[in-house]
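Right, one structure below, let's go through it.
We call the chains A, B, C, D and E, going by the order they appear; numbering starts again at 1 in every chain.
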Amino acid sequence: QSTLEQVQARGSLLCGSNEGLAGFAAPDANGVWQGFDVSLCRAIATAVLGDPQAVEFVPLTSQTRFTALAAGEVDVLVRNSTWTYSRDTDLNLDFVGVNYYDGQGFMVRSDLGVSSATELDGATVCIQTGTTTELNLADFFRVNNITYEPVPVATNAEGQQQYLAGACDVYTTDVSGLAATRATFENASEHVILPEIVSKEPLGPVVRHGDNDWGDIVRWTLNALVAAEEYGVTSANVRELAAAPTANPEINRLLGTEGELGAMMGLANDWAVNVIAAVGNYGEVFEQNIGENTPVGLARGLNAQWTDGGLLYSPPFR
Amino acid sequence: MADVTEPPRESFRLSQLLYDSRYRSLTIQVVAAMLIMALLVELVDNTVTNLAALGKDIGFGFLWTTAGYDINQQLIPFSSQDTHARAAVVGILNTLLVAFLGCILATVIGVLAGVLRLSKNWLIARIMTVYVEAMRNTPLLIWILIVFAVMTEATPQPREFREGGSASMILWDSVAISNRGVYIPRPVWAEGSGLVVAVFLLSIVGIFALRWYARRRQEATGQQLPVLWISLGLFFVPALLAYFVMGRPVSLEYPELGGFNFTGGVQIRNSFIALWLALSLYTSAFIAEIVRAGILAVSKGQTEASFALGLQPNRTMQLIILPQALRVIIPPLISQYLNLTKNSSLAIAVGYMDVRSTLGGITINQTGRELEGMLLLGIFYLITSLIISALMNLYNSSVKLKER
Amino acid sequence: MSDTHAHSVAFARDTMLPPAPPPPGETGAIRWIRENLFSSWSNGLLTIVSIYLIWSILSAILPWTLQGIWDAGSLGECRAIRDERGLSTAACWAVINERWLQILFGFYPTDNQLLASWFYSDELAAAGGLEAVFGPGSNSTARIEFIAAMKADIGNLVVFFFGYWRPLMALALLVVAVAPILYSSLPRKLLWFSLAYPFVAVFLLWGGTIWGPVSVAVGLVAAILVGRVVAAASGALLGMLAGIVAVLAIFLNPLPFADIGLFPLLPHVTGVLNAAMPIGLEAIPSDDFGGFMLAIIIGTSGIVLSLPLGIVLALGRQSSMPLIKWICVTFIEVIRGVPLIVWLFTASLLLNYFLPPGTNFDLLLRVIIMVTLFASAYLAEVVRGGLAALPKGQYEAADSLGLDYWKAMRLIVLPQALKISIPGIVNTFIGLFKDTTLVVFIGLRDPLGLTNAIRATAEWNGIYWELYIFVGLLFFVFCFFMSRYSMYLERKLQTDRR
Amino acid sequence: MTELQTPIAEREIDRSQMKVSDEIAIEINNMNKWYGTFHVLRDINLTVNRGERIVICGPSGSGKSTLIRCINALEEHQKGSIVVDGTLLSNDLKNIDKIRSEVGMVFQHFNLFPHLTILENCTLAPIWVRKIPKREAEETAMYFLEKVKIPEQALKYPGQLSGGQQQRVAIARSLCMRPRIMLFDEPTSALDPEMIKEVLDTMIQLAEEGMTMLCVTHEMGFARSVANRVIFMDQGQIVEQNEPEPFFTDPQNERTKLFLSQILGH
Amino acid sequence: MTELQTPIAEREIDRSQMKVSDEIAIEINNMNKWYGTFHVLRDINLTVNRGERIVICGPSGSGKSTLIRCINALEEHQKGSIVVDGTLLSNDLKNIDKIRSEVGMVFQHFNLFPHLTILENCTLAPIWVRKIPKREAEETAMYFLEKVKIPEQALKYPGQLSGGQQQRVAIARSLCMRPRIMLFDEPTSALDPEMIKEVLDTMIQLAEEGMTMLCVTHEMGFARSVANRVIFMDQGQIVEQNEPEPFFTDPQNERTKLFLSQILGH
């Protein structure tokens, strides 16, 4: 039974998610999940099942996430996981795309007067265990020949507590995570994120190795969001654009008014329409959850469309 | 009825397998063995199939690859370039360290609380009851988190120790209690310090000799020496004398605030302290109950008999009550030690790098070898437990009261 | 009588002395204080030190607790209110006020239809009626908004009692089911309910069609019947075997080539029944379970399920058959030698490896399985103690009456041994219940996990004490009363035995 | 020791009923038993006819209990044969079951089931072993409880009864299985003097009804007035056996004499 | 009750040694004691001369144990005075210590120290309280163990001894402190009849050697043959005292009569 059939039979998507990272994935007071990663899950659910709410979020710790996916406890893992060589090959996972280009950074109090990570000799660094950041950190300090004292923490919340209490001078994780964390501080302005980005952290959805059809669906759902932004398709205008073929054949193929692209993946022809109507295009998702007007306040940066000098580049829908 | 002298030789019938007491248990055992084998085969087969489906194999080679991560508390040197195996050893040592110190502290607090719970002083007895009940009836994890939160939230940051900061070091500027841990001076051994250490060791030997001598003397003459005071004197005076005579060769390196942190001295990390304290406090409540029960188990008649013989209360405690109570106390006490050791795996809550966090946590996560990692981890705990319970059995059989 | 001489004077009393009151200072509060607080100067010192200790602890905690702020939307608001009131220290109980339901039940969904149709009928009508809001075609986002608004309006208490009636009812029935086991004065008929309770609880908590639990129960009963029939015909041993085979036949896939996985027969039966008579509750997936409820579910099912296993292990450990004994000892020692948290990680990381390919059950179920195995090892030791406490004469009397091993166990030995073991079982349960907090490490949302989730939100970022204290108190109250109960039982057993 | 003055003599004992038939109830041939390497029972030969009442006595540790426990298969013997009511006691569980349901046993410490009422104690085995309907089992139980004179205690628990009453319940419990042979292992030695009488009375009554009985006891009054035969055991062997009168008045073996002088001498 | 037939009579008791001197060993004046508000001892007046052997009897709960425990300062009294061997029993710890080392006490339940051998039980107090060298203490201990006729048990543990032997060890243990006064609190009531004899013999021997003894006991044989005086207590008061013969044959007080008729009547 393929994953797609399983999902359809079950009527809901099992989406491995973070246990709580503001802006990316966190349940609100009513237990409804919100966030950037969450939106991708909802998009996939819409594509496959037509209902953005038909998702079960399975919170996974950084330690359990890959095993959970490999064991089939979740259908797809969207939990700011870094795409690395060994994970892709040795762990038998398939990263099907990048929904956020990230890099590991450092956050310190501004009154420490530190302006570069290389000045952190002897500092105490809070770090989440079981992540690539741990390895990057070790590498960075070793290469720069400076010392540090790691304070391992299990969750972002704990890291934040330690950092704010001053139990560590530096908090390191992906810059997006840093920003998200800083956003919740009482005095966000008293903390700076240092300019060094010590690693490439392409975060993306993961599926099981060998689950190719399912991987296609996840990959192209993500691509659809990106492409929609590129072509100016938004949640507001998508129904209108989908009503009849437009002048732009790319849009037509994306929205199913031309060709039978949906059927190739075993989906309805208007799957992308539903997705965009339900969650919006990539830009909308970004702005709603982590954009500059949100408490997280991230700039698009690398995550801008290639047309705007970013890295987002959807292969053509044809 | 004919004379039956010998049971008639009957030939073996199949039903005997079930209805003959000689064969029945054999049958059952064979069936059980087959079932267990089948279960094991099934498990192994499933595992192999599942692993194959995931494209994994079983192997312990990962232990010899570079770990890549750093560990803050290391009893043996370790850097991120060392192997996973060494990281596991670092973790094991950390586990054993916190377990060992935890057992000691828990015993001290537990004995104190247990004895005080029996105090004639109503107030003290009540306070201890409250303490014991609060500890025993709340999950250990909550205590660990609370102690950790106290350590991080209620103690000053290192930067508070700067000029104009609100915190200052204690004990003549030698100890700093911060929310990153407690920094204490580190002894620096200069030339000649060997002698001081030697003198110190000798005086400890001397203390034992003294005790032995005091015993002999008492047996011979009945005279008792004030062993405690002489021992105390022996403990301090010769070493101090040697210290000054040798021109104070041992100096202390005091922790100093430099850069981000204190430098110099020895740092006892918060995570360690929190885990250690919480484990000790929690376990001490159980130990207190054990001690109390042990003392209560010695009947009142024993005390009365001792008093009637003219023994003083403290001698009664030393010679009559404690030796008897200990027999009752030690076995459950050791199983509490076992619990404490196992509970030290909750280090995960405070980021203390014990064996579960290194081998069972980061290593598994970095290498994806959960099967092998968990297996090794389980074996480590199992061996530790078995050793501790073997010691317990040894003790039990050695102190068993002689009965008719 | 000091003037009398022992040798010459015989003495006989002609009037008896009446009892006299003790001299002053020998009774009353003064004596009490003297005896209990100041019986010696060291005791007096201790008293003074303790009074100082109590005072300093209370003076640190009480103002903070009592001046706590109950009404605020976020930690920031709390701080503002505190400063406004000019307090130096104040707890922010508002977080408990807002989130206590979540700490109790996690993300277990409330029965919104019920709430809406009872308490919100006008607004429901305005929104287009039940069908429009909750029906199949309803716009999910709008529905969520409707529910949020409703809950905010009717208040947490109403939501607690009516929205969570399913877990509450399960809990209430649990009390009913456990009562006849703990109090032998209650009618024995109630034990039948105790037997049925697991199925009732599963249905209430997980919902779905009622035919699921019903057909499982019927299947089990059928298997037991088969076992008894065979046992009556050809002995207990064969009967048990037959029972086990029947269970396997009913519940597991009997045909290795039919690739339908677990429970091949039941889903079809259930499906048919459900189609014919659709009775059921809204199905709720295990992922939504959380909070204190999760601790109770894991703890209770762990103990209940581990009891039979623990008894079997204890009997096995006492067995005269070396192989059986050896197997049981190994199992018990291995389980007890390794910390629960390692077993939990095993459950979450490894258990699926050991199961047939394709089987997959949710984390909660796996945790319950692991906790059950874990508790059974501890229970085995408790039950073994009970078995050992039985005099040998009981076994001999049973033998001499011609009862076979299983009948002797069931009718004579176990009823007595288990009764002796109840305090131990309760203590094991307390331990297990406290240990359920460890599931937070494998991503289940127990109360502690929820404190993390709550702190992950912007409003309550940085709040610890209030949450820890609340969760700690929840556990304390529960465990304290249980431990008192087990002490009471112990005392009662002691006097019973005399 | 006060056994000789026990009040049995006060009661008219009707020996007319106590006929001994020619059928053999128990036949023990060359039976030997070891505990580990300790030879507890040595070459025991004993034939008990139906209706016989045999008292076994002997010093402590002489193997009396072991002997009667072997008859009930509570202990295994290693050599020789035991045939009870025509059934050979072997390793065959069916035979063991058969023998146990023919043979009732009363222990020194009663061994009542404390969690069951008196009535339930008595009906348990009939219901579960003989598969008799509950109603019927209860009727039988009440019949025997009346026989031992405590029908009014039927709904109490053993813990609420005195020792003598408990022992009588134990006897009734055995009788409910309608055994053809009763074994008693020092049934009165754990009782206070007043209660001994009650139990002995019950046992005498049983004897009068013709029950085959093997009784380990030092109640010489009982032996004299009821037994057909007294067996003296020492060091695992049957040293002497005889009818009660000659046994007590004119013991042949030295050891028997010594023993009798001890227990009767005080 | 079989006390009157206890085998004391069999033994020739040598009363010639049992002289009573004029020195006062214990003097109790108007002593009162309360447990809370319960008045256990009421106006006790008692003078014991050196060498006197006093038996105290009375119904259960009459305060016998309490009285002799007060003499040993195991219980505090609230009014009146107790002077032992010229030392006033007050709150002064030194006096208490002095009195305790002069007065030996033997308990109903022996209270031997189970973790020490018999020898260690006997040498413990001499070594730690009297500060006697171990060798010497052991010699004394063996002397007294021989006196109570169990020297061969010296290296065993109390758990390995019978009750009678244990009680004799307890007596020897007290004697090792060379007390001038011995208190016995029902020393034989926890023992089986055969063992009572052993212990009583030992006590008689002590009496013969002129030890001052206060003994709570119901062994009337012992009282008759050894005591100088029998004291009867009831409701915390001394109701009657007299020499044994007149006490038993001609009690004055109603209560005494009642009590004696009860314990002797059987």
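Criterion: a residue touches a chain if its C-beta (ideal position, glycine included) is under 8 Å from a C-beta of that chain, and two chains touch if they have at least 3 such contacts.
What you see is a predicted model; the values in this text were computed from it and never measured.
Rounded to a multiple of 5, the C-alpha superposition of chain D onto chain E involves a rotation of 165 degrees.
Interface comparison, C-E versus A-B: the pair with the greater number of contacting C-beta pairs is A-B. Comparing chain C-alpha centroids with the centroid of the full set of protein C-alpha atoms picks out C as the closest. Compared with chain C, the chain whose C-alpha mean position is the greatest distance off is E.
Note: the chain lying farthest from chain A is E, by mean C-alpha position.
Chain geometry summary: the mean Cα position of chain A and that of chain C are 38 Å apart. If you average the CA atoms of chain C and of chain D, the two centres end up 50 Å from each other.
Chain D has its Cα centroid 85 Å from the Cα centroid of chain A. Taking each chain's centre as the mean of its C-alpha atoms, chain D lies 46 Å from chain E. Multi-chain contact residues, meaning those touching two or more other chains, do not occur anywhere in chain D.
Among all residues of chain A, those that touch two or more other chains are 67, 154, 158, 161. In chain C, the residues that reach two or more other chains under the touch definition are 349, 352-353, 441, 464.
Applying the touch definition to every pair of chains gives A-B, A-C, B-C, B-D, B-E, C-D, C-E. Contact residues of chain B toward chain C in the complex are 18-19, 25, 28-29, 32-33, 36, 42-43, 46-47, 49-51, 53, 119-124, 127, 133-134, 136-142, 145-146, 149, 153, 342-343, 345-346, 348-349, 356, 360, 364, 370-371, 374, 377-378, 381-382, 384-386. Within the complex formed with chain A, the residues of chain B that make contact are 54-56, 68-72, 79-81, 149, 152-153, 157-159, 179-180, 258-261, 263, 270-271, 348-349, 351, 353, 357, 361-362, 364-366, 368, 370.
Every residue of chain E that touches chain B in the complex is listed here, in rising order: 72-74, 97, 100-101, 103-105, 107, 109, 111-115, 124-125, 127-137, 156-157, 159-162, 170, 173-174, 177.
Of all the residues in chain D, the ones that touch chain B in their complex are 24, 27, 29-30, 80-81, 83, 86, 88, 90-94, 96.
Interface residues of chain E facing chain C in the complex, by the touch rule stated above, are 20, 27, 29, 32, 34, 36-39, 42-43, 45-49, 52, 78-79, 228-229, 234-243, 246-247, 251-253, 256.
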